[in-house]
Amino acid sequence: MAQAAVTSEAALERRRRGAAGRRLGDQVATGLLWAAAISVLVLLALFVGYIFFLGIGSISWQFLTSPPSEVTAGGGIGPEIYNSFYILIMTLVFTVPVALAAGIYLQEYAKPGLFQTVVQFSAESLATVPSIVMGLFGLLIFVYLFGWRFSAIGGALTLTILNLPALMRVTQEALATVPDSLREASMSLGATRWTTILRVVLPSAIGPLTTGVVLIAGRIFGETAALIYTAGVSVAAGRAAYDLNPFRPAETLAVHVWYTHAESVVPDVARIGNGSALVLLVMVLLFNVTARVVGRFLTYRFTRKS
Amino acid sequence: MMVEALVEPSIKVDVADLNVYYGSFHAIKNVSLKVEDRRVTALIGPSGCGKSTFLRALNRMHDLTPGTRVTGSVRLDGSDIYEPGVDPVVVRYRIGMVFQRPNPFPKSIFENVVYGPRIHGESGRDELLAIAEKSLRRAALWDEVKDRLHRSALDLSGGQQQRLCIARVLAVEPEVILMDEPASALDPIATSKIEDLIGVLKKDYTVVIVTHSMQQAARISDYTAFFLLGDMIEVGTTSDIFTRPKDTKTEDYITGRYG
Amino acid sequence: MAIAVPPRIKAVASRAHRSEFVATLLLRAACALVVLSIAALIAYLASEGTKLFTHDHVSPFEFLFSPVFNPEANHPGSLVFIVGSLAITAFAVFVGGPFGIAVGVLLSELAPRRFVDVMKPAVEVLVGIPSVIYGWIGLTLLVPLIRTVTGSNGFGLLAAGIVLSVMILPTIITLSEDALRAVPDSLREGSAAMGATRWQTISRVLLPAASSGLTVAVILGVARAIGETMAVQLVIGNAAVLPTGLLSATAALPTEIVQDMSGAQQGSLLEHALFSMALLLLLIAMGLILAVRLAVRRRA
């Protein structure tokens, strides 16, 4: 009997030590996971802080409004900022109607069948295309085939094709947030499906739609690879850099950040790069924040759900 | 010698040999029913018996669900709504529907009520306001909302939202109102308001109401039809159905043998 | 017999039906544009991307496997770039992958709601930072750091790999968090009921259960890394030589395209070679992502 008691005590001791070991392993693992997460936050803070700290010195009214310089120091980013917005708005003007229409069709009208499968598959395939490849496609079509050379509209059309799938997905998801009971109510009052979409479904989906569009606008603003060989890396001289002619080269701010560091020969690369990076980051952050704030406000107004 | 009735009961909706299929599932099996004008006809039966499916066939709501097939005829004042070439939009102008869960649009109270008239071409500001007031009064909601017509309909309570949905239907001035368990999502006080409203509405409209509550059917309806597993077992005046049911299945349901 | 309604209603109804007819036509036209876009893209890129083989008579074998990149001498061997792409992608996956999954595990299983509410917007901001900015940070911060620490000139696989790891982090974090959240609670409860610690539950039960979702997360991270251009181009060194180690300057498929396209004459062998590289990129990215989507759909 005494023998059995000793053995079970040893077993208990082993089990206790095992449990302690497991708890230690648990704590170590948890610590590592937390370290990973915290380092991501630290990384983000580091990036944002670095960009602000380095760039703030370059910001001046002169910097933000004067044209870039090819070889001397003292250039600015005025035309590039203008081009970024110019191309952004043109891209949205092209993309929103097409993506909205295609998204509405897929979500509200399409019946399972060949057409729906082909369209859905096309959108998914389009989404897999890397932006540099899209830029080369734009080069082939708009610069070479259409003969436009480097142009703002060539860049905008390239960005349109690039962003169609994303905006279609935004549209479909936004429409899916509208409950079917609203569609039923509208059609039981004698409305056609199209009337229902126009007067009930689209207005109800305005929150998620707006969030999605503004977020995509932020992505367009920062796009580079697809624009280098479509909209080009230069700006027109003087007044012409600020006009509405879409058939001229139009270097955007994002492309300028790249160009300054990859190809440019001006001596104050650092100053220009830092300032441009800061302005670009601020704009993208603004888009991000606006998207969520406006989206949340609109969603509440139209669904009373936060 | 036969004694003739003083008033000939007129049939507003005449359903003959109605079948509804969800894919291969036979949901409504050869049902025929005559709905009398300006009376309340209740459809009762255990869950899943097909009463809602039957109701939705009366205003061609199944057109909206792909894979559904309807055969038979539903005659409104003699004209079959399922005849080829009939526009469902036009059918729904004369037959309206109130749903189980209130489903107001995320718009103002005013915009909800005048939605139907707007899409039917009504546009004058004064005309629309007049229609809104008339419909809201008929739905017993006017006094509660007359000072906040332009506030969101989503801020109303459940019972108020349901009365708003009724006002929305009334604004189109249908002749038949289909109600799919209109009070089941509401509290007892709101429910009794809806029931009182139905009692008033039947003076001007033909009402067909699906209800899972036998007490409600007994309280408000003139005629009752009992459904079971897609078949209509029995139909008659409400007092007959509840006091002298002819079929044992009806009697079993009435007496609570199954729910 | 038609349903009797006032003629005004009949007129309104036919007008509504006519509008709907026109509207659906326009909606379908938009869908057709989408189909046309991808069809044209594949057609033009396939056509231009094979000119190297059809017009210039370079063998695909040489293009894919020769380490000699000398387009002037008609030797556009792109092995350098293929290896470069694979190397930095592998680095990003093996560094960024576990890191991202770790954070995903934390967010799904361990972190309190308030921390998740801070972390999620932070990850979204990271996603929103344009690639040029990542490249610029790499160029101005990381490259000098590597230079001081190792004595090399700082450009090369290591810099590109690190930048790429950071860039695919948000994708992997979000997708692995979703994959873990999708694992039913019954598994967590069952494991806890048997006396397992949280980490044992995670490592032995949850991670295996979420393995397909985690694989998808990693593959999509790979697809993102393969096509990433701007950030990598600024730090990889852009030397058309096979990498010999982490610190050697080299090049990748997308970076080579950006680097030399501006100087390439239209119709020249170099230009054709660059388009062949683009076609290769397209095939890899499209193949990877569509394969993943097919696998996911088949499982669902």
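Going in written order, the chains are labelled A, B and C, and every chain counts its residues from 1.
Note that in this section a residue touches a chain if its C-beta (ideal position, glycine included) is under 8 Å from a C-beta of that chain, and two chains touch if they have at least 3 such contacts.
What you see is a predicted model, and the numbers here were worked out from it, not measured in a lab.
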item: By mean Cα position, the chain sitting nearest the middle; value: A
item: Comparison of B-C and A-B by number of C-beta pairs in contact, larger one; value: A-B
item: Farthest chain relative to subunit C (centres taken as mean CA coordinates); value: B
item: Euclidean distance of C-alpha centroids - subunit A vs subunit C, Å; value: 14
item: Length of the line joining the C-alpha centres of subunit B and subunit C, rounded to whole Å; value: 54
item: Distance from subunit B to subunit A - Cα centre to Cα centre, in angstrom; value: 48
item: Subunit A, residues touching no fewer than two other chains; value: 190-192, 195
item: Per-residue overlap in subunit C, given as positions that touch at least 2 other chains; value: 13, 16-17
item: Residues within subunit B bordering two or more other chains; value: 89-90, 93, 119-120
item: Residue numbers on subunit A that touch subunit C, as the complex places them; value: 22-23, 25-26, 29-30, 32-34, 36-37, 40-41, 43-44, 47-48, 50-51, 54, 97-99, 101-102, 104-106, 109, 115, 118-119, 122-134, 136-137, 139-141, 144, 161, 164-165, 168, 190-195, 215, 218-219, 221-225, 228-229, 233, 254-255, 257-258, 261-263, 270, 273-274, 277, 280-281, 284-285, 287-288, 292
item: Subunit B residues within the subunit A interface of the complex; value: 59, 61, 64, 66, 89-90, 92-93, 96-97, 99, 101, 103-107, 115-116, 119-120, 152, 154-155, 165, 168-169, 172
item: Touch list for subunit C against partner subunit B, complex; value: 1-5, 8-13, 16-17
item: List of subunit B residues in touch with subunit C within their complex; value: 76-81, 83, 85-87, 89-91, 93-94, 119-121
item: List of subunit A residues in touch with subunit B within their complex; value: 111, 179, 181-192, 195, 199-200, 203-204, 301-304
